[in-house]
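For reference, chains read A, B, C, D, E and F in written order, and residue numbers begin at 1 within each chain.
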Amino acid sequence: MGADYLAQRDARRTDFNATIQDYADEVCFGMVWSRPGIDPKLRSMLNVAILTAMGRPNQLRTHVEGALNNGCSVEELREILLHTAVYAGLPAAVDAFRVAEDVISKA
Amino acid sequence: MGADYLAQRDARRTDFNATIQDYADEVCFGMVWSRPGIDPKLRSMLNVAILTAMGRPNQLRTHVEGALNNGCSVEELREILLHTAVYAGLPAAVDAFRVAEDVISKA
Amino acid sequence: MGADYLAQRDARRTDFNATIQDYADEVCFGMVWSRPGIDPKLRSMLNVAILTAMGRPNQLRTHVEGALNNGCSVEELREILLHTAVYAGLPAAVDAFRVAEDVISKA
Amino acid sequence: MGADYLAQRDARRTDFNATIQDYADEVCFGMVWSRPGIDPKLRSMLNVAILTAMGRPNQLRTHVEGALNNGCSVEELREILLHTAVYAGLPAAVDAFRVAEDVISKA
Amino acid sequence: MGADYLAQRDARRTDFNATIQDYADEVCFGMVWSRPGIDPKLRSMLNVAILTAMGRPNQLRTHVEGALNNGCSVEELREILLHTAVYAGLPAAVDAFRVAEDVISKA
Amino acid sequence: MGADYLAQRDARRTDFNATIQDYADEVCFGMVWSRPGIDPKLRSMLNVAILTAMGRPNQLRTHVEGALNNGCSVEELREILLHTAVYAGLPAAVDAFRVAEDVISKA
C-alpha cells in the first residue's frame, strides 16, 4: 500500500489493534497477495468492486489508493465503478464514485 | 453468455419476465459491457467477486460460466475466490467454491 | 397471510419454533401491521422490495403471496421488482422475478 | 428530485463522475421512473425502505427528501421506517430515523 | 445501556422518533433482553458480532459501550472482533476495531 | 467440527477446493479458534449470529452442528436466534430457525 500507509499504520499501533494488524499482515499479505496466478493490479480492482458492493467506504478509500498505486488507471477505475452500478445497485456506485473522486483529487 | 444461455432464456420468456430481460439487455449489454476501457474477461472476474460478496449463488453460477467463456482460467477463478475469502469472509468463499466446482465439473 | 398459511404454520409448530412464531405474531401483527398510517397493501409492497434487496428468497415467496392477497396487482409487482433492479442491483431483481413468476404460475 | 438537487449535481459534474450521472439519468429516470404502473410517490417510498435495509445513509438522505417532494407525508415516512425495523432489523431503522429526522428538521 | 444513554435519548425524543424508541423499548428490552436462557453479557457480545458483520458503525459504538458495561472485558472484545474478520471479512473487522478503540480510549 | 465432518471434507477434496480448505485450516483453526481469551462455545455462538445476519444458510447449518458439539444447549441456540430477529430482522431469524430445527431433528 506504499510507505506512507504503513508509517501511518505503525503510528496508530496499540496493544488492542495490533491483533488485527498482525492478522491482516499474515493473511492478506502472507497468504493471499503474495500468491501467483493473479497480479496485484487485478487484486486491487477486485477489492474496489467488493468494497463498493459491501458498502465499506473507509476501506474502499484505502483500496482505491492501492489500485492507483498498483497500476489501475483512472479510466479503468471509472469503468469498474460504473460496472458495479449494474450488479450492486446505483446507490453503492454513487457512493463509491464520491470516495474515488476524493482520492483522485488529492493524488 | 453463449448461444445456449440465450436460447434457454428465450424459452423461458413470458410477459412478466420480459420486463427484466429487456432491462438487462439494455443496461448490461447496451450500456455497460459494450463500453471500452475494461475488457469482458475483467468484467466477468469482477462479477464473480461481487456475486460472491453479495451471496447470490444463482447469479454466481451464470457468471462463473461467463468468466470461463470470456477467457478466465480455472487457476485465475480459484485465486479470485480465495481472494474474496479475506475481504468478504470465509463463508462467502466456501459457498462460491462449491458453485464454481459444480460448474467446472460439468464443463 | 390467509388461512392456508396459518394452518400450515400451526402444523409445523414445535417447542423450538414457537418462540419465533410468537415473536412474529406480537411484533409484526400486533405492533406494526395493525397500525394506521400506511395500509397492508403498501406494507406488502415494501416487504417485496426489502426482501429482494436483502436476498431472502424464502421470505420473499411468502410476501409475494401476501402482496397479491393484499391487493397488489401483477403489473404493480412487476414494476416494483424492476425498480429494485436499479437500486439493489440486477442479480437481486433477476432472482426475485423467478420467485415471483413461480408464485404467479401457481396462483 | 427538484431544481436545487439538479443544480448542485451540475456544479459537481466532472469528467470522472459524468459517467455515473449519465447512467443514472438514462437508467433511473429514462427507463424506470418514467414507466406507468406505479407512481413516483410509491417509487420514493420503496427507495426509503430499500436504502434503509441496505444501509446507505447518503443515498437515503436524498431519497427521504425525494419522498417528501413526491407527496409522502411525515406520518407515512415514520410508518415506513418503523416497518423496516421488523424486517431489516432495529439498527437499520434507528440509523434511518436519524437521517429522516435531520431532513425533516431542515425542511 | 446505563443512565447516561437513557438521559441522552430522552433529551432527543420528538414526536417523530418516539415511535422507534417505544418499539425498541417494547421489543428489545421487554420481549428479548429480559428473557432467561442467555445473559446480558452474551447478548452484548452477539450484538458486537452482528453489527460488525452488518456494517452499522453507529449502532456498533452503542453496543461496544453496552458490552463493556455488561462485563465483557477488553480482551474478550478484541477476540470477538478478530473472530469476525474470518467470517465477515477483514474490512468489517478493521472498521469495527477503529470504533471499539475509540470507545475504549474514552472510557 | 467432529470426525464425520472432516472425513466428508477429505472425501470431497480436489485440486480446486484444496486452496480454500487449506486457507480455512490455517486461518480459522490455526490463527483464530486456537487463541485463548474466548472459548470454542462462544466462538460457535458468535458464528450462529453472524451467519444468520449475513444470510448464509449452508454455512449456518455447519455451525449450528458445531455449536451443539461445543456445548451450546438447544435453549441457548433458540435464544440466540430470537435475539438476531431484533437486530438482523425477522426474515433472517425465521430462515435460521428452519435450518436449526432441521439440524436438531436429525441429531
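Just so we're on the same page, contacts are C-beta pairs under 8 Å (C-beta built on N, C-alpha and C of every residue); 3 or more make two chains touch, one makes a residue touch a chain.
Keep in mind the model is a prediction, meaning the values are calculated, not measured.
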item: Neighbouring chains shared between chain C and chain F, ordered by label; value: A, B, D, E
item: Between chain E and chain A, distance of the C-alpha-averaged centres to the nearest whole Å; value: 27
item: Separation of chain B from chain E, taking each centre as the mean of its C-alpha atoms, in whole Å; value: 36
item: Residues within chain C bordering two or more other chains; value: 23, 27-28, 51, 54-55, 78, 82, 85-92
item: Chain contact graph, described as a line, ring, star, complete graph or other shape; value: complete
item: Interface residues, chain E side, partner chain D - complex; value: 14, 16-17, 19-20, 23-24, 27-28, 51, 54-56, 58-59
item: Residues on chain B engaged by chain A in the complex (per definition of touch); value: 27-28, 32, 35, 37-38, 42-43, 45-47, 49-51, 53-54, 75-76, 78-80, 82-88
item: Chain B residues touching chain F - in the complex, by the definition given at the top; value: 55, 74, 78, 81-82, 85, 89-95, 97-98, 100-101, 104
item: Contacting residues of chain D [partner chain F, same complex]; value: 86-92
item: Residues of chain D touching chain B in the complex; value: 23, 26-27, 31
